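Both of the next two complexes hold chain A, though its partner changes from chain B to chain C.
On to the complex of A and B.
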């Protein structure tokens, strides 16, 4: 397969192949530790002329893939601008171990500020002794939900509502403390922003 | 800048891989999961993730302490070690030692070497006595090895999992997650046997709730149903076992219905359990050439009874009868409690055998005597519970206790405290000045898992590295180094070459351990570095390690059926004065007695008083409502807690975790009576009563 014009060996998904070749590509909803989610669209690339999500496209069968085509970069920048706008809270809040991933992704694509309106949700849940949740930094990538459901098989949290009202929640009117959450922290470990952040 | 150090969780026997992220001030800032670790596959529970801040707790003992005139005074290492060495030399002959299942294999190995070689006794034991000694006894007798036969991956490849007397959701959370994965995605059947409704019951296909102390009746009943319905694995029984006929006649003494009456489980459910276990329907993805397997998993609900060993026999009999051993997706697993309880036993911190479970026969002892250059004691030592009881007779007058707090973990704590007080000389080596340490003559500060190198061996026999991530707190030192210093001081007086205790590193200690324990001979630090954890048996450097045991044979040749019969359900049963049965166990947010987890603020925030689970009917009789402060009494003591009114417990039963919070602990109430064979105390059953705590109003009320 040709990747950005260079022959490489196809392994796993397009994202796997890209990362194995040492090429940087945002992938905000793909965690090494988790199955493919395919929700964030920050990993879009051009494959044989089509724009596809690298994380959920098998590399086998693709002849030519470009991460750096003008079209792919432009569309990704748009997605990242929209994503960055969802992170409306104060910049620089300390997050968990993967929280820098989002900031690095934005920085790599020189997003133009002010393209999209900021997210309005400001719900915060401070009830768990070990971590807190801040909607104003959540990009709805669903990594936390996937970690809870498909790694730990607990299913304490989900995404409720659609569009502007969509929110990660342990249930309507229920706080983390009151939910079936076991405080295992897998969601905090997975979060690519500071939306789920360890306390202290 | 933070640095990341891979290590192994210091809490439970699951042995999850952890990555400690440490800042420039040597503080652990974040604990990450380790996706490449084959035991935990990227998961952790709350204790592993958020529970390691105890390492930097201000209560850590900073210097050696010597008690003078009833008060501890700070001392230098030389002063303290001199006192210990001199006093212990006087006490050879009536000495006993507790090792720590929280410490490393290297710590454990050096400790038993010190006790055997320098103190000249086999009086060494650890907390396995209080948790799985009946399982180990029964497995040694019937199979020839006391270890879990399978691996966590087998839970994911099983077609049926039977959980008996355990609550993995609270005590082995990551194993629970792996089981949930199998149940949710592969349709694996789940059978739960527990007097109390546990969280995993939500996913159970069958939930059996036997009366306390009737496990033998229940499992003999299931065996009877297997026989009656023609579900036995005849070729396995014929080819791989002995003693079948005697077992069958014992089982045929009672019908399924009679067993049902005894244990309070419906006969139909007994038959259903027999079918699920012996012939489970294949899970999704079961390879067609393999017979669908069942895993039998148990905990302290089986063992902590006066008939604990019988209970374990009844389980193993069932596994043999159904031929659920020696293939992928089946096997027997006593869920080990402490992070290194497997390794502590492997390393020889048990009174009845040398490292590697080798008996004191001439052939086994020879390599030890040769390598160590002196004779070793050949008669079995005292078991932990007996060591404490034998203080009364003067048989034990001095003790060296490493990383254990018997004055929270022994039954009937008032009685145990009186005994420990009566010792002539007590050394405690630990992180915190806990209840037992308070009574010591000398206290030696030990390093936590984060401050030293070593290995832990988890419940699936996987030996994994523990790596030094931060500098020792205060003057703390690794347990094995301290023990070496004591041993070298005493060596001349004991006729031992001090060079026997001159290791340069944990890795050197491990090499000697591996040389003497054939099951791990192929393992060293270099391999662990390159390959990650390795599961024993691993007899040679090119051996990949062993996922499940007994594929072709048992260490004792043929496995043996051991017929057992239901005896009295417990030593103490309810009466008019104490009408309820008190059952003990654990909660997710605390670790055992709580010496460690009481020092993690977030865990205390979750659970800060002892929850006392009581059935609504019993609560109504006593006028108790959810959240009320309550007092629980037994003939031996009392404790306070907070009522949790729930039908998860059966009428007539109370459930209390044995963590000590607000000075209240269930072990003030439990009964110091023991299983004859294994000497485990009967923590799971005693007679008790409950009362609502009266409000006290007055000048001193808070």
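On to the complex of A and C.
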């Protein structure tokens, strides 16, 4: 297939192919350890004229893929502007090992500040001795929840509520400490922002 | 009141019991308490956070008791008839699917026969024997499958995917198949499945039997709208007298527009948060608990029965690409609201004129509901067929047609659709969850400059069709009547 005009070998998903070619592309809800989630929509590319999420699109069958088309970049920037507007917390809070992923995505796409008014949760859960959770940095990518449910098979956290009331929630509305969380750290390791923070 | 439901097979994964348990508790107690979630999690051996995800992800399930208010229909035609858009209490309101009876209050009722304004083979008096099933049986499985493919029948849920192609794809998996009968019908302004289930339930059941004969499914599940008691009762009565008997589970849903997305519906059946899955794999490859899964709509099953009653005749109605008839749900500013069964390809203007528009200004139409768009009086000479009716959003979809008074109704109607899409976003993907409330805000504030860019992000960025089509009502209203939003 052609990727940004250059012939490459198609491997797995379009995202796999793009990353194997050394091209940077945000993918805030796709983690190597986890199945495809498809929630963040930050890996949108133009494939044979259609805008698709690279993470969930098989590379086989695609003739031409562009990460850098004007339309793909414009729509990704729009998605990242909506994503950034979910975060009202202080910039630069120290997160887990993958927390720089969101910062890199913003840096590469220059979302216009204040394009959309802030719309974020405010709850913080400091009850766990090893980490804390801050809604004001959460982008609901569902990596933490997927790591807890499908990687660790614990199921201590879920996403409760529909639409813009959706929130990452332990148990049936209890704190992390009161939940069945084993403090394994998988959620903190998966988080692409500083919403889940190790305690120092 | 006992819920009308029939359990899934006992050898299904235990989490498949979750939705039914939550549904029963909501009906019994009026809400689902955290303590109930804890208890049910222990009993079904599920993590409580996963139970809580499901308990809080349906429109009709409440995490606090709801006191007071009578349920008033929140559908567009009832809001128009009431003339009070801003006053709608959002908690106790949802569509009652009686748009022919606007403004509706209370609950659902059996679809009244006089509201069939135009009948064709689907809405003709119900069948009394199984001649069409017998005809399919005489052909044999393979020939009957070929007949379905050659009929050109397309799914009537709104996407119009060729039924034969879907079935062949599932059969090619060569694994036990799940057949899911979609009786969820959750789009405000559409009441055609309720009409069929109330007035022609034996027709529907025969269609299910024909599909079961061809697909030989390991399990048949009806996913039935949680509010549609009269329609479900009618279906159960038809199932009780069906010969031969069909082994069918009935699961009642918890409400939510996203259940119109079939992979979200499958997640609901699995006891998971009802949000769309990424594709591939498609449900025909890996659907309900990984089984190759065929999901078809009530009206599609009724069409199967009609087809095997007159195989050569089926293609004489409708268009070559989309043969057969379609039930339109017509409401709004008309003297004759109700169900109109028309051959596909009929002119929209003809249907509107037949329904007796009663408007002060010009006639306008909302076609395709919250996922469709508006059309002005000058754009009604379009054939009703799958695909878009106008580039700004109007489409046939599930066949909802709301007649409006332009420009008087347009602003309220566009805002009502934008608000519906924002409230009904499932919350999984960022463009829809974050974008649709802002689209409403921009429209309400008359800040139309920012709408194009945001609409593009929602349309091309969203995960599922419901997000992708959410900008349609806003964009079409702005296109035809820019002045009313200034």
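The definition used in the following text is that the second predicted complex is superposed on the first by the 198 of 200 C-alpha atoms of A that agree within 3 Å, B and C clash if a C-alpha of one lies under 4 Å from a C-alpha of the other, contacts with A are read in each partner's own complex, and residues count from 1 in each chain.
In this text, a residue touches a chain if its C-beta (ideal position, glycine included) is under 8 Å from a C-beta of that chain, and two chains touch if they have at least 3 such contacts.
All values derive from a computational prediction rather than experimental measurement.
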- Task: Have a look at where A:51 lands relative to chain B and chain C in the superposition and call it first, second, both or neither.
- Result: second
- Message: Is A:124 touching anything from chain B or chain C once the two structures are fitted on A? First, second, both or neither.
- Response: neither
- Task: Once the structures are superposed on A, label A:165 by its partner contacts, choosing first (chain B), second (chain C), both or neither.
- Result: second
- Item | More chain A residues in contact - chain B or chain C | C
- Task: Examine A:154 and indicate which partner it touches, taking first as chain B and second as chain C; both and neither are also allowed.
- Result: both
- Examine A:93 and indicate which partner it touches, taking first as chain B and second as chain C; both and neither are also allowed. neither
- Query: Which partner does A:8 contact after superposing on A: first (chain B), second (chain C), both, neither?
  - Reply: neither
- Query: After superposition on the shared chain, which partner residues are touched by A:32: those of chain B (first), chain C (second), both, or neither?
  - Reply: first
- Check: chain A residues flagged as touching chain B and also chain C 154
- Query: Where on chain C does chain A make contact in their complex?
  - Reply: 34-35, 37-38, 41, 46-53, 55-59, 63, 256, 273, 277-280, 422-431, 433-438, 453-454, 456-457, 460-463
- chain A partner contacts - residues on chain B that touch it in the complex: 21, 30, 32-33, 35, 42-46, 49-50, 169, 173, 177, 180-181, 184, 588-589, 601-603, 605-606
- Message: Applying the document's contact rule, which stretches of chain A touch chain B when the two form their complex?
- Response: 32-33, 96-97, 129-130, 151-154, 182-186, 189, 198-199
- Over in the complex, which chain A residues touch chain C? Could you list them? 36-42, 44, 51, 53, 55-56, 58, 71, 74-75, 78-79, 82-83, 85-86, 116-117, 119, 139-140, 142, 148-149, 154-166, 169-174, 179-180
